[in-house]
Structures are given as C-alpha cells and as structure tokens.
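Structure first, commentary second.
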Amino acid sequence: MNAMSLSAPLLRSILRCAVAAAIAASPVFAQDLLAVKAGRILTVSGPVVEDGVVLIQNGRITKIGKQAEVEIPWAAKVIDATGKTVMPTWVVAHSQGGMRNFNENMQNVPWLTVGDAVDPASPYFEDCLRNGVGAIHVMPGNQTLLAGQGMVVRPFGRTVEDMTIAANTGIKMSLAAGGSGRLQQIRKLRRAIADVREYLADFDRRKAEFDKEKAAGAIPADKKWTEEVDRTKKGAVDLVQKKAKGWLYVPSFAELDEALRLAQDLDLQVVLGNNIDEGVGLVKKLGKPVVLDDAIEYFETDEETQKEKRFCSAKLLADAGVPFALTLGQGGPTAYPWWQLGTCVRHGIARDKAIEALTMVPAQLIGMGDQLGSLSEGKLGNLQILTGDPLQATSWVETVVLEGQVVYERSKDPRLQYLFEAEKAKASKAAGPEKKETEKKDGAEPAKAEPAKAEGGKQDAPKSGNGNGRGVR
Amino acid sequence: MLRCTLLPTALVGLAATLSAQDLLVRAKTVVIAPDAVLADGRFLVRAGKVAYVGQDVPADAAAKATAIDCGDALVVPGFVLPPTTLGRDRDLAEAALPFTPDLRAVEAFDPWHEELAKLPHGGFTSAILSPSPRNIAGGLGALVKPGAGGGSVAAPDLHLALSLNAAARNPERPPTSLMGAVDLLRSAFAQAKSSAAAGPDVAVLRSALQGNRKIAIAADTLSEIQQALDLARDFGFDAVIVGARDADKALDRLVAQRAAVVIGGLAPEMRLAQLQFPARLAEAGVPFCFTGRPDQARLSAALAVRHGLDRKSAWAALSRAPAQMFGVAGQVGALRQGCAADFAVWSGDPLDLGSALRAVYVDGARVHGELPSAAANPASSPAAGVR
Amino acid sequence: MIRSLPLGAIALALAALLPAQDGVTVYRNARILPGGAPAIDNGVLVVGGGKILAIGGADTKAPNGAAVVDCAGKTITPGLIDASFRAGNTPDMNENGDEVTPHLRVLDSLEPADPSFVRARSAGVTAVHVMPGARSVIGGLGVVLKTHAKDPQAMVVKHDASLRIVMGAEPSMGNRAIRGGSVDSIYYRRPTTRMGVVWAARKAFYDAKEALEKSADAPPATPSPGVEVLTRVLRGQVTAVTTARSEQDLRTALRLAAEFGYRTVLDDAQDAHMLVDELKAAQTTVMLGAPSATAIAGSAGADGADPRSVTARLLADAGVPFVITTGSNAASLDLVREAMFAARNGISSARALDAVTIEPARLLGIDQRTGSLQKGKDADFVVWSTDPLDPAAAAESVFVDGIAVQVLR
C-alpha cells in the first residue's frame, strides 16, 4: 500500500537500489514486498479463496483477495503458485525437536532455558521447513519435574537469536515418572512447588521485616533492600505467581486428577499423552484446550478376548468438545502434517477442525494467535505453497515463506536432491518410453536445480555427517 | 512334637503287626468313584488293596477287621497328580541333549524326597513323575507314591514325555525354535515308523506309536497345541496335551482327535475362557485333569467348579481321569475292588476350600493326619474289633 | 464409535454381518480398482459362495434376490497381499541350531492366533507370505496364508512357497568368535563374517547340486531333508527369496543364483536403485521393504544400505517387477500406507496399488485365486472409506473368502 502512494520516479530509483541490493546478496530487501499468486488459498480463519493473491510487506500480510480484485504492486516480487495451494505454515505447540539432549538429568531446574540447547543446524529444522512448519514451541523433554523455559522459534536462521520468535514462553513440568513411580513423581512435583511458595513467603517476610525495621529506625534510612529473587528460582517463582505459564505433560489419564489439582493454582497448559480414553471427562473438566502428543492413535488389547481396540485421542477429545492442538513427531510418519491430519479425518474429525488443530489452535495456545495460525491481514507473512491438497500424501511443500522471506524452495533442497539423485543419473542415461507416463504426474518429483548456496549449517552436503551418507553406521 | 517323632516308628510297628489284619473303613459318605458314591458306605482293605466295597464286604471279614470309623466325614479316593517333576528339574531335565526319549524318570526317583512326602498334605496319594518339559523328548514317566516308610514306584515307564513348549526350546542348544522342535519330532517319528532304524530311543518311540505307551506332549500356545495334534494325527496316536494354556482355542480339534488334556493349573486372574475351559471340555467329553503343585491342582478344580464344571467331573479330574489317561486306572484313582487302598478323609467336599483334610492313607497305611476321632477313641476301637 | 458412522456405513456393516458366504451380495455404486486393470467408476461387484461372481460397470447383471449394498463414495480394491510379512516376532521364527535349515517350515512356528494377523486384516491385508526369520543363512520354507479362515489349517494358500536365504550381516549377528572358555554355545558354530555367511549358502547349494548330479546316474539315495529342499530350488520347483539390502549383498545374491543356476527374488532390496540394469538383466523381482522408512532427514539403511526415495520409480521405469512389503522393517506401517509412501515418492497410484495386490499374487503364484477382482477368484476385497492411498482412508470392511473379517467399529 505504501508503495502505491510513492511517486513513480522515486519508486523507480528505489527499485534500482533494490535490485542493486539484491545483487549485492541481500535477498531480504527484494522480498520486502512479496505477492504470492495462488490457485487456491486456504486462509484457515476465513473462506477459501480461489485464484487469489497474498501480499506481504515488511514481513506482514497486508492483503488477501482474488487476483482479479487485488492489484499487485509492480515493485513486488511475485511468486506464481497458480494451480497450487497456499496456506499458513503449521504451528507446533510443543516439541523437543532441534535439541541434542532435551531431558536434563537434574529434575528440578526451573532456571534452564531451551535457548541454550537449540541447535540451528539440527536436521529437525530442515524437516520442519520441508513439511511447511513455520513456528515451533520448543520445550524441555518430558522426563523431568520443573525443567525450565521454552521458546518459540522459526525453523530458519544461523543462530538461536535469529530463530527466536518469542523467548521464555513458559515453564515445562511433567507428571511422567522419570525413573520413579507415578505417586513419587506427583509427590516430588507438589514438594517442588511448595518449596517455591515457602521460599517466596520467607522472602516477603524478610522484606517486610526490613521495611519494618527501617521504619522503626533500626536500619539506616539510606540503606535499600537489595536482595532479589534467587535466579535459580526465578522461573518457578514466576510460575507460582502466575506470571509464567506452566506447560504440564500428562502422560495418561491416570495423572489427570493431579493435573486438575495443579490447574487450580497455576496458569496451566496441559500436554496430553495418549491412553486417555478413560479420562476424557477429566480433560473436559480442565475447561481449556489441550495439546496432544504426536502419537494420537493407540491400541489397547482386551485381556479377555485378546482383541485390539484402536483409539484416536484427538477424536475422543473432539467428541467431548475439548479443543485440542496437534503436534508433529520427529521422524516417523507423525512428522508429516498430512499424516496427522489424515489420521484425524480417518477417525471422523472434520477436515477444517483438523487443519485448525495444527494452525490456529496451537498459535493461540502459545499466545501468538494474533501473529500466526492463519492467513489474515496484519499477521506475520508466514505461508507455504503446496503442490496439492495439504491432506494428500502426494502433495509436497514447494516453497515456505516466513515473514515475507522465501526460506525454503523444494527445487533447492539438497537432501531431497540426494534422495532423488539416482533419478537424475537415470534420466541422463536413457529416457525410455515409460518415462513419459511418470512425467505427467505432478508433484512426484522434485524439480531439478543447481545446488543452493550454503546457508548456515543447513545446506551441508548430506554426506557430511547427519547420518545420511553411506557407511556412517 | 513327640507324636511326630514317634509316628514313623509306631507305624513300622503297626505295619508289622497289622500286615495280615484287614481294615474296615466306614464313613457317612464314601466316594468309590465320582459316579459311585455310597451313603453310610464302607470298604474292606486287605494287603494294601481294596478287597470289598459296600454290600460286598463279607460279614466275617468285617467282623475281624480293624475298623476305621470316619463318622460324618467324606472318604474319597486319593488324588493322582498328573505329569510333574515334583520340583526336581535338576534331576529330570537333561540339559545337554534335547532328545532323550529313552531316559527313565524312575532312575531319578528318590523315595525320601520332600516334595513326594508332602503330596498327602493336599490329599494326593500318587503322582506321575515325568521327565521335565525342558526337553523335546524327555523320556519315560512313572507312577510313584509317597509312603510312611519312603516312597515307592507303582508303575515304571508309564508314558513318553515330549514337549513343544517354550521351555523345551533352549536358546543355547538346538532346536531353538518351534519349527525346529516340530521337525525334530516329526523326523524321529518317521524314523521309528520305518523298520530300518534301531536303537534304544527309536525303540521307545516305536513302542509308543504301537500303542504300548501313552504319549504326552507339553504344549501351551495355540500353535504348539496344533503342532502336537498334527503329530498325533499324522502318526496315529492319541495325544495327551500337557500345560494347554491356550487349549480353549483348539477345542474342536481336541474333540475330533480324541485328545486328552492336562491343564497346567487355573488361577483366578486368568482369562474367563480359560477358567470355563474345563466345563467345556467336560461337556464335549474330552478327558482332562489338573497338574501343578498339589495345592494348586485342588484349587484349579475348585475354580473350574466355580466356572461351571459339575462336581463329579471335578472329582474325576483329580482322581479317575489322570489314572485313566495314563493307563493306571486299575491301580489308582478309585476305590474299586483291586485298586490300591489310597484314600483321603475330608471333613466335607474337597472342592470346598473350607473342607479340612483329616487323614490320608496310601496302600492302606496312614501317611498323613490323625486317625478319625471315632477310631482314635480307645473306648470304641476295641468294641469295633469285637463286633 | 458406531454412532458417528454415516448411514451407508451402517448399512454396509449390517450387510456384512449377514451370512455372505452362501447368499449372494451385490456391492453397487463403488469406485472399483480391480488391480491390474483400469478403474471402474460406479462399478458393481457381485459376490457369493466366497467367490467373485461378477464385476463390471453399473449395468452388470446380478441375480434376483441378492442382498444389495450401496457403496456410494467408497472405493473397492482387491484384498492386499503382503509378500514379506512379519507374523509376530517370536524367537520361534529363527532356528539358531544351525545356519542352514532349508527343510524347516515356518508354518510349524506360526501362531495362528497371533495379533499380527488381526492387525493386518483390519488394515485390508487378506493374504500374507511369511518366511522364517532372517537370523539364519538359509532359514527354511515360507508359506502363503490368508489372514483369516475358520480353521487355522485352512489359512494356508500355498505350502513351501519360498526358500529364504539371507545375505549380509544379519545371519552372523550375535554369533561369537571362540576366545577360550566353553564352546558349548551354538553361537560359536555359526558364521561371524559376510564371507562366512556366503560360504554357508554356497556349501549348501554345492551339496545339493552334487546330490542332484549323483541322482541322475545312480538310484537316488534318500537325501537329507535339507538337501532335498535345495534340489527342488535348483530344479525351479521352489522360489528362492534372498534378503539382501546393500549393493554388495544384492550383487552377491545375484552372483550366487547365477553360479548355481536358480532364480531368486530379492527381498528388502534397499540399494536396488544402484543396479537397476543388472536386476533387469537377471529378470529378478524385487521386494521393497517399507518405502516409508526412507526418511527425508536421512538415515542409513540396514546393512549399510543407502535407501532412496526414487527406487520404486526407477524400477517401474526400467520394467523391473517389484512388490511393496512390510516384513523386513520393524518400523513399517500398514501395507496400504507403505504403498501410499511409494506413491508419494514417485510412482503412479495405480502402480502402487498393483504392487500390493496383483503383483505379489503373481510373484507368489496365487494369482489364479486372489490378487485382483476378477470373476471366479476368491472374494478377497476391501471397501475403503475413500481412495485407499489417501492418508484418511480407512478399511471399512474387509472380506476374506467372502467372510467379513472387519467391520469398522
């Protein structure tokens, strides 16, 4: 919009500068104004727009509409995704991805932060981009008690600072028995929280005494109270004062009672394991949306008949009317958004509801509902271009745009090239008559392109040691 | 205490003096066999065997006999414990070789073994001592009995004990898999059938295939049971399936092949289908009995009754059925004429767990408990003798 | 669960509960993917007596009085066939007593009540090929089974369907070199190297070949049962299936087969993309184990193999026959999902579906009975909620020999 109001000559000179700047290797400026023309836009928050366009300026979405109705500024970099699907990037509300060791051996460590453990070169973030994930709430692992602060990151950037969308997003807690029994774990968590409350009470009492003595003249008037809350307790203090959210991992229905009790005094976000079929009522009692583990499908065997019963935790919650966020696994089929959504639909969850569970709902749960989770004007310019419907296995993420920057292009994905490279050799050898049949298929084959320029650790040649090369094992 | 230490000596003395003396056992209820229950019944024991039953007892012999009056109690045949190692795996599981059909359990029989001596504490008066199911072909079992003066072998080389269950598949020596075990047995049987082969192990198999000896196969899972039944079908013998944990899933085949089942023991936490299995077997006419520790076997029968088994079949499962199954029905398992005078005196139905075991007799000699009060009363005892 | 089902599904469920085996049932309005033939939109499938009586378009004739099931919106495919199926995972699948046990039959170790059969058929698999485990060089004879039958004996479709040979490190895993101490353990006697593994196989085939040559000019002495099985392989009466993952093992498998003149199927051929031409020349069928395991983030395959996403596509292009299986990979998904991953990685959905239906039926030699929807074949079929390669597809009803073995709960 701003660009439109500039005079043409000025604009031209700006453009010239922009081109120069782009050549000088700063893609950011060139992408300052981005228009994505799409065959189909799934906005999530609003209606589907066929033959639409999304405008992103300065990292934020400024306009979404029909191509016929929206004028694309001529200065904008245009991505033509005609015939393709454009939708918001996925939001993962709870993940241990991108960290080497995510379970601290010491259980009560509220002063830690995942910011010190996130590895920008981790292949996990590569996979996130490949799968169209735009924001990940990274939290400490589940084998813990009070484990420290999480953060929301984008799967792009050379340093943790580059990647950070929001820091100190909440304190991770867990009711998963870390080596001890369930009751012991519950007791330990209660004890840890009680300790913090005692510490706080003691702190306040000492401060009150100080003030009293000062008022009484026992302490010189110019002496100030200098003691601050113990740094190692800060996170936990924030938690009990409800200044920080607690992210509580609840491995099964058996721990839900304790979760309900804790929810009375704390600002709690529950992350649910599976095996919850007997506790849906308790989840409902929480009165809040919950985050689900990546494994949403599970079996139970009837001891008498030896018959297996298949459950889907998401479906159980959907039936009970409890809003939920889905998450993605690291490796395995649950790492694929289409797998997770397909599983939901297979169990009878409405398609839109499933999509929301990996976009809007998690965005809201990590406190960024106004920034992420849908394509709407004013939100961050995060979108993905898919070759087809997001719920189809044959769809591939073509392009990922984060805050107006193109951060992933399938044609330049070195690891995909590696996995498909035998294809290239074959193609050069001989193109048989059967070749044509397969070429008709769209989206089955990554486009060939020259290798991308190195970008931080991400573009390492696959053979270099992420376990992809031959003979690594 | 004093009585305990004196008892053996006393019995030895008694045996010497009473060996020629008949015993007349009387009780309000005498179970000769599950389908022959005598009210106010009696039977005469002569030389350790049941000589006459009920009305058949000659008046003069009755008059001369020492009476054991059990009053209100129930006298039942002593229970027979089907294939068991009596806790003596070390002597009955040949670890070095998986296939030893010609080994004989009697060679490892210890007449003074503690487990044997304890059998009567559960109302058992005989057991089928069997090579351990840890071997694919363990060897030959024997009918053994406890006794006041040490145990005895009542029938040697009774049955051939084979095994397909998990214990037989030793991870450190072949065969380690079920298919390997089945192959071993199949080729061994085929060899025994072909006249060319000779040797002690082949002779044992051949004799069993000719029907001279029962073949018992330990098998728990459905696949093991099916393999056992396949072998029985292919080589033409009537199998006794021992253990039979999942046998409820193979009932049709058990019926079709006239197999018998030795159930490894029931416990309250088992699948309902397992607990109801004895009742279904009884309905289908498949012979069955229970093994395990002596107390377990009685509990198993009681649980089976709790889950629909009729009492007669339950009694049979503890006495007559195992005797018939292993071909010793003429010796043990009932109080018919000619059988060993192995019996137990219970305060009530032994299938009621509240019933107390008062005394147990093996071959007409008391091995456990007290003399029934009536007989123990010195005042009534001579009177009985006079009559 | 039933509450949430659409009416159609309930009708279908009820129809399935009827005694379908004797009565005739007509499935109408479905999209039918018959396997090895073009899709039929708005198709009709007529089933009776456990067999397919007719299949065709909307005008297909059906006998009067037949039960009719409306399958609008559904897709019907043949029952899937898993050509390398892991039935349970018990130690019984491997006989460790010897590294060469060709005469052992895996059927003897199979637990017909194993939950893996239930899980397979509830995922639309109606027939499976089970082989002995991979811990022996020559493990024994495989068997083809239906995933359901009234009597476990009746599950068998084909006895002695294959002889399993295993290359690579797996048969030597856990075996020990003798370093003093007792040599009682059987693990001391088994190969510890790739060389040793191949030697064991070569020795076995050498003995079989010798027996074969001797029997040609002398009256046949009774050969040992193992040798007898191997001579059947050499005569082409039993199919050899060689499990070989890495390129070197695949080459070894082909070399060994050429050396003794038998043909072999290659199981879990993860490095097949490296020797497409050789595979084509050898006219070898390839069993692809778990295409989903080619993780994008990349992980080395078993035995040092380097699986690529493109393998199925390359084989299809070169005309090398292949089937998709689950068996050799512990982390494999339902068979239909593996076909879905293959389609994602570049083969057409029709080809992917054939690779789990008619192709394995041909490979196993059971295509006269099952593997596609054709008049006269067994009524093994699946009614899917939508296209079977859609991640949201559920096997709503599964029929084996016309008997409903799954009616979606």
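Order of writing sets the labels: A, B and C. Residues in every chain begin at 1.
To be clear about the criterion, a contact is a pair of C-beta atoms (placed from the backbone, for glycine too) under 8 Å apart; a residue touches a chain by one contact, two chains touch by 3 or more.
All figures in this text were calculated on a predicted structure; none of them were measured in a lab.
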If you average the Cα atoms per chain, which one ends up farthest from chain B?
-> A
Any idea which chain sits dead centre by C-alpha averages?
-> C
Geometric centre distance via CA averages, chain C-chain A, whole Å = 39
Quick one: report the Å distance separating chain A from chain B, using the average Cα coordinate of each chain.
-> 68
Averaging only over C-alpha atoms, locate the centres of chain B and chain C and give their separation in whole Å.
-> 48
Would you pick out the residues of chain B that each touch at least 2 other chains?
-> none
Contacts with two or more other chains, residues of chain A listed in rising order | 306
Expected list for chain C, residues touching two or more other chains, is 113
Which chain C residues qualify as touching chain A in the complex?
-> 4-5, 113, 115, 118-119, 122, 273-274, 276, 292, 294-300, 304, 306, 308-311, 313-314, 316-319, 331, 333, 337, 340-341, 343-349, 385, 389-394, 409
Touching residues on chain A, where the partner in the complex is chain C = 123-124, 126-127, 130, 301, 306-310, 319, 331-333, 338-339, 341-346, 348, 391-394, 415-416, 418-423, 426, 432, 434-435, 437-438, 441, 444-445, 462, 466-473
Using the touch definition up top, name the residues of chain B that touch chain A in the complex.
-> 271-273
Would you mind writing out the residues of chain A in touch with chain B in their complex?
-> 303-304, 306
Would you pull the chain C residues touching chain B in the complex into a rising list?
-> 91-98, 101, 103-113, 132, 140, 151-153, 184-187, 225
